[in-house]
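The first chain written gets the first letter, and so on, giving A, B, C and D; residue counts start at 1 in each chain.
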């Protein structure tokens, strides 16, 4: 009997079967019970309806290092009939697609409303199978199809011997639905109870004592929150002083727009759904010019469309935080699949040379803390600051101690903004040539501080010029900010283990936890590797990185993109040869991917390892954009 | 008396004083006379009217290696009163700005309509000064202000003892103006004669035999044409089969739009002035899809705006030639000043990884020949091909043997386009996975060859998919084209001299002639250097380049941008450390810049040399965007 | 569960080959786009076109998927771009039948510049907008036509009133402007046929309800508010078209049918040369002449 | 040589400080933009604004240079963007006086999406377009309003007829639409004052001849064709505005004055917090609540 350590995967037809609802419910209630949950792969299609969707959730007693591998303990299949996307697999699409991931000795729970499914093969593998006519119960007995999700949740909880008296569930339902009437709460509780009873029945019929897994609440623990990476980023931004946000809807950045729409007004800010990608950033630059801490968010296509504005922000020296929730590119690519393919763009996009800063958080917590740094850096260096998250980090849902947010709150300063008292009538030069490269600025409306700001090359007053020495001085002034940054603000990589003479796995972005778990497992296998995570990617802190990486043997860069964009950057900046573990099929790295890659490279001397995903059991399936 | 080797600089107030007209006339007629001319710096402001403009023209007996340095032999100052841009310098703005460039023993010709100027300092330096009341003659005597340009030209020709019987000029004027009436021809001839007489008068008065420079026609020679780099590029494109061009007006790419507007229709093609930067490339992609060889042209800001479409072209596999006439960035930057700052963008722009090819011509002739290669590569590899010219190359006006164009004409092939006979009803897979990465394509309208094409990830039929193995296979198929390119089409660098153990100057784009002349001069000084010019920049042909560059000592990359974009690329691809000579004040490289840089680096061991331009004698001068 | 009108409509099988057998339709059951698909098949069948003669350019959105649910050449570029690609296609090859099939977000939000400029340019392209007031594919944010029929006490920059695509088209110079309703695919098909026969740019705004994200502008809502263009309306009269729109607006109604149709005098071009034999042995002289 | 009307207009010196003493005007002698500059100075003076209270957002073009020829905060971003920046500025700080000063190319070609969307959003921003029918700064290519008054026997995609910015604005939902002529700076100044007093987006199309590249629509040409809006016109009536435009079009005339003015009910916002003391010690609870 395994307690408080399991991975459950729920699958079904998108928009129809309630996959997300069940995962959300289980994750949230487990979190309330003091358990740690992690749902790191929200596998949905970019068409709204009809494709196969699945969502694995890891539940642990202590915070898990990573989501691990693609194995699962409990499989919940919600289809009740055909998956319109794969009509050849009625009623068992999820089972066919994910059956192989299910561990021997695991559990299979499926909607048997339209009949049972042949599951002998599973039983042979010691898997306990629970048919559950959830939709039938909901429709026939309870007359409300939507409560089928609750039937499933009830069944699952019973399986896990969790919340046997429905205290957690009742409290949750009352919070949600009481204002709509007691009946709704009761209906849902009944549905859950009916689910319980069905599992009960199977257990008795089969003479099983339990399902083999259980969840035990940890009531005394500190308060945990159940939230997504986007939530953490949005909260972080607001507490960092962001009071203007703009975004044009795009997966996976739309939830950030929704978050800001919902919360920014409480804090006196405003949020704008742009009518296109450029209106968004232009409005945000306008707001920044007016004094607001401003942010835009988008994903690859929308970032590509903003390139001209980045150059403007760099040249006109307007602070702006740019969140790029990366998704699988190029072009429209795979909108709902993850990738780390925009680093080269963040570092190099745009014609000509202009200052910019590129940061990449590696965890939900860093989404909260690092975004504060992003705003401070934007303010100080008056340039675009790219914040590279990715679909995985944007959509991860996990439990986080509430304390973390309170403790991580920071003081807001706004550097270098002159006010009326600071200004002597004729002395204000918006683009004063300084040693640091940083010039004084004001917010418009300040008496005595009139500015002229332009993306055309300009003199210290901001007036247009092409005078060669002035141009040279002004361009150098702007770029000098990056040297100041390297002296005053660059941060070295996070280093786990001793890199000396060992294989070193270098990563950026959301894959850090996977690298750390691979390190732990390799150690068990007797191989010591170090992990180096780079969060401050540009200006590239050569001094801080090279000294670490040159000790590696070999140096292995792990990235979710085709070409190895960080690896290329390291070669350019450090002149060190790199090996690469690359994955770009839209799925996250699994620990086993890394381990296989390290073996190939270290043992067999391969120059690179390109992860090939298992082939899911699937018929031709198409999606949208 | 120097014959057939001189540099004349004409300066004046933009739009008002006819700087360009005079240079054009002199260049064209000298070319007809069999001489070789080169005007490589069309220094104008981005505001239409009022700024100082100057235009140096080199005239030689044989084709010059490069434009050399900023020294001049003959200075022609056209202001007749105040330069509105610099009112403190009435009547002598050009003289003040360029006087120092004038060599001892040179000639100064200036418009003395509003009075003479103190020129003792020049005379002390052995400079012969010719005051010329050109505008006065035009207005008072000839009653047509515009013929002042002809007065100046006549004076200049007399000074150069050229076209003494006005045969060349008469022929030229008759071609141009005869259909408007004999009077116009005669008026212009009279104006020129009056200019001659004025010079005659000064010569007599001062007792000088001549001005010290003369031009002697070379009548027997082969026919030369007087044209710009843009003209060569446009002609090259049309003979390469380009039948659709689109561009939104932008300096310095607008003349290409004008060229295509003028000529494409003669060859059955069509040319579109986009209503914005993206409409241009989208229409061109549509035309390409329909079967046309299509091209777009723009400069930095317009290229930045097209980034999303490049990713589409790469993913949907649509051939497109993209001309980037680089100008000084970032952002609006200095629209009428030169730079090579867009290499990083061409190589890396866009989210995700997609195939692309980057070529950069280094001479007017290569604008003609290499653009053919660009179209062939686009067709073969079905991806965007970037053609990086720059303002210098776009605007250079020079004499070119007519024979060159006839001899460089090529056969057009269109690879891999299936026609009705090739198609078996169900066999056409637009994105067939092949070893070369190249898939068959058709032009729409072909019976039996229906396609579905998308920038969303797709299967071999073009239908949308996110299936991990299919995605991996399709992305790898696309990128495999770049390996095929490296095997079948990559070209190594142009190598001048033996790089072994010597300083090697590496360049790209329009600066090659300057590097070659620097090499020649350094040899005279006793220093042997090699020059390596890279025209095929991406996919970077590591095998072909690294073997050459690793012999260098030291390796010096010469570029007109701030950061050293090619140098960074070489570091990334070849893992070789680089030194850099960089210039980014908007002016072209001069031979002396390179020589100083080489000395600093080779003799003094400097890691880099940033060229600081001479400070022109100028008051605060502002321009537009 | 809602029905799928597509299943019932008569349509030649020829427009299904190559498409739906390979590609399952992934719209929500009841989505208005089924009606458009069904009407389109009718119209294409009526016009006796062959699939290889057409190019369907889809927008990005639920609606744009329609390009894959029909036989015929299909293209799908970046968001907001269908009309701009179409302009290039038609200029290069006027013989192709080009349709742009896109959503209201694609056309009126991110793509409005192409909408305005294409109305002016007047290529022989048929645009059908599946107007549902929302961005369906990105889960229901409000589009520029969103909020149709809803009043609000106060407006702000981030929360502006909807605009009228028909008025925008007329004022931008469109030569064919019509409206249809996917709840009435038969009528829609007639409008599409007229649009496709128009020698110039033809814009059809099709009310195509999003059953998942727009709970206000439903089939029922539209049914109560749509009304055919009166039989005596003269669609060739621009001022009459304006008046018709003003009249319907005053009455809180939306017209269905052809509102404006007034072909321009067009310059006729042939397909540009594309084959090697058409491109070879060209005479450089007309260009060289200018440089001597 | 033409005269520079600016030199003659009465205008407070305050609007010249900080600007023209440092920055020479580089328009061609006689350029229509001088008239606009002169009218703007009058209007700003009339409104008794202080330069630090205004933000002038210039477009890219000859016209956009005007931001540097006037005192006051100036901003100049990318081509076509003035209105989008303005929306953000006003949302963040409604207290600033924001003007967008741009060309017809900037506003109606590359920037038309911002024009359309800003008409809908209705920020309190005044837009003055210096409409000369050409891209002056890039040496005279035709703009979307180019060809005004010229007929052509045939049109094509690459050579379409001009469109009417006033109609476009009205149909996109603008709440203030007016026209002026830089040849009559006094009248233009009056129109600008009305525009700047309008609580919402105010669009003034100013005929501002390009003497260098537009040899057709000259001062003389305009003088013969402009006519004041009739005194009895009710600018608050949308249909009356349409009719006025139709009437002028029929007569081959262009109206000068306020054509439409109908303020919307607006939601009032305050400046967003920007200073550290406004941003500190915020209560996370409203956000945390949702995650428990």
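Assume a contact is a pair of C-beta atoms (placed from the backbone, for glycine too) under 8 Å apart; a residue touches a chain by one contact, two chains touch by 3 or more.
This structure is a prediction, so every number in the text was calculated from the model and none was measured.
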Average the CA atoms of each chain to get its centre, and name the chain whose centre is farthest from that of subunit D. A
Contact-richer chain pair (by C-beta pairs counted) among A-C and A-D: A-D
Between subunit A and subunit C, tell me the centre distance in angstrom, where each centre is the average of that chain's C-alpha atoms. 36
Intercentroid distance (Cα basis), subunit D paired with subunit A, Å: 43
In whole angstrom, how far does the Cα centroid of subunit C sit from the Cα centroid of subunit D? 32
Could you list the positions in subunit B whose residues touch two or more of the other chains? 45-46, 270, 272, 275-276, 301, 308, 312, 316, 331-332, 454-456, 463-464, 620-625
Check each residue of subunit D and list the ones that touch at least two other chains. 22-23, 68, 76, 78, 87, 90-91, 109-110, 112-113, 117, 144, 157-158, 269
So, in the complex, the side of subunit D touching subunit B is made of residues 22-29, 31, 60-62, 64-65, 68, 76, 78-80, 105, 109-110, 112, 135-139, 141-142, 144, 157-158, 212
Sort out for me which residues of subunit D touch subunit A in the complex. 18, 22-23, 50-53, 55, 67-68, 71-78, 81, 84-93, 95-96, 113-114, 117, 269-270, 272-276, 278-280, 282, 284, 286-288, 290-292
Spell out the part of subunit D that touches subunit C in their complex, as residue ranges. 87, 90-91, 109-110, 112-113, 116-117, 120-123, 144, 153-161, 163-164, 167-168, 170-173, 239, 242, 246, 264-267, 269
Could you pull out which subunit A residues touch subunit B in their complex? 45-46, 299-301, 303-305, 307-308, 311-312, 314-316, 324, 326, 328-337, 339, 341-342, 344-345, 347-354, 454-457, 459, 463-469, 471-472, 475-476, 479, 561-563, 565, 568-569, 571-573, 575-577, 584-587, 610, 612-616, 618, 620-625
Subunit B residues within the subunit D interface of the complex: 15, 45-51, 84-85, 87, 248-251, 254, 257, 270-273, 275-277, 301, 331-332, 620-625
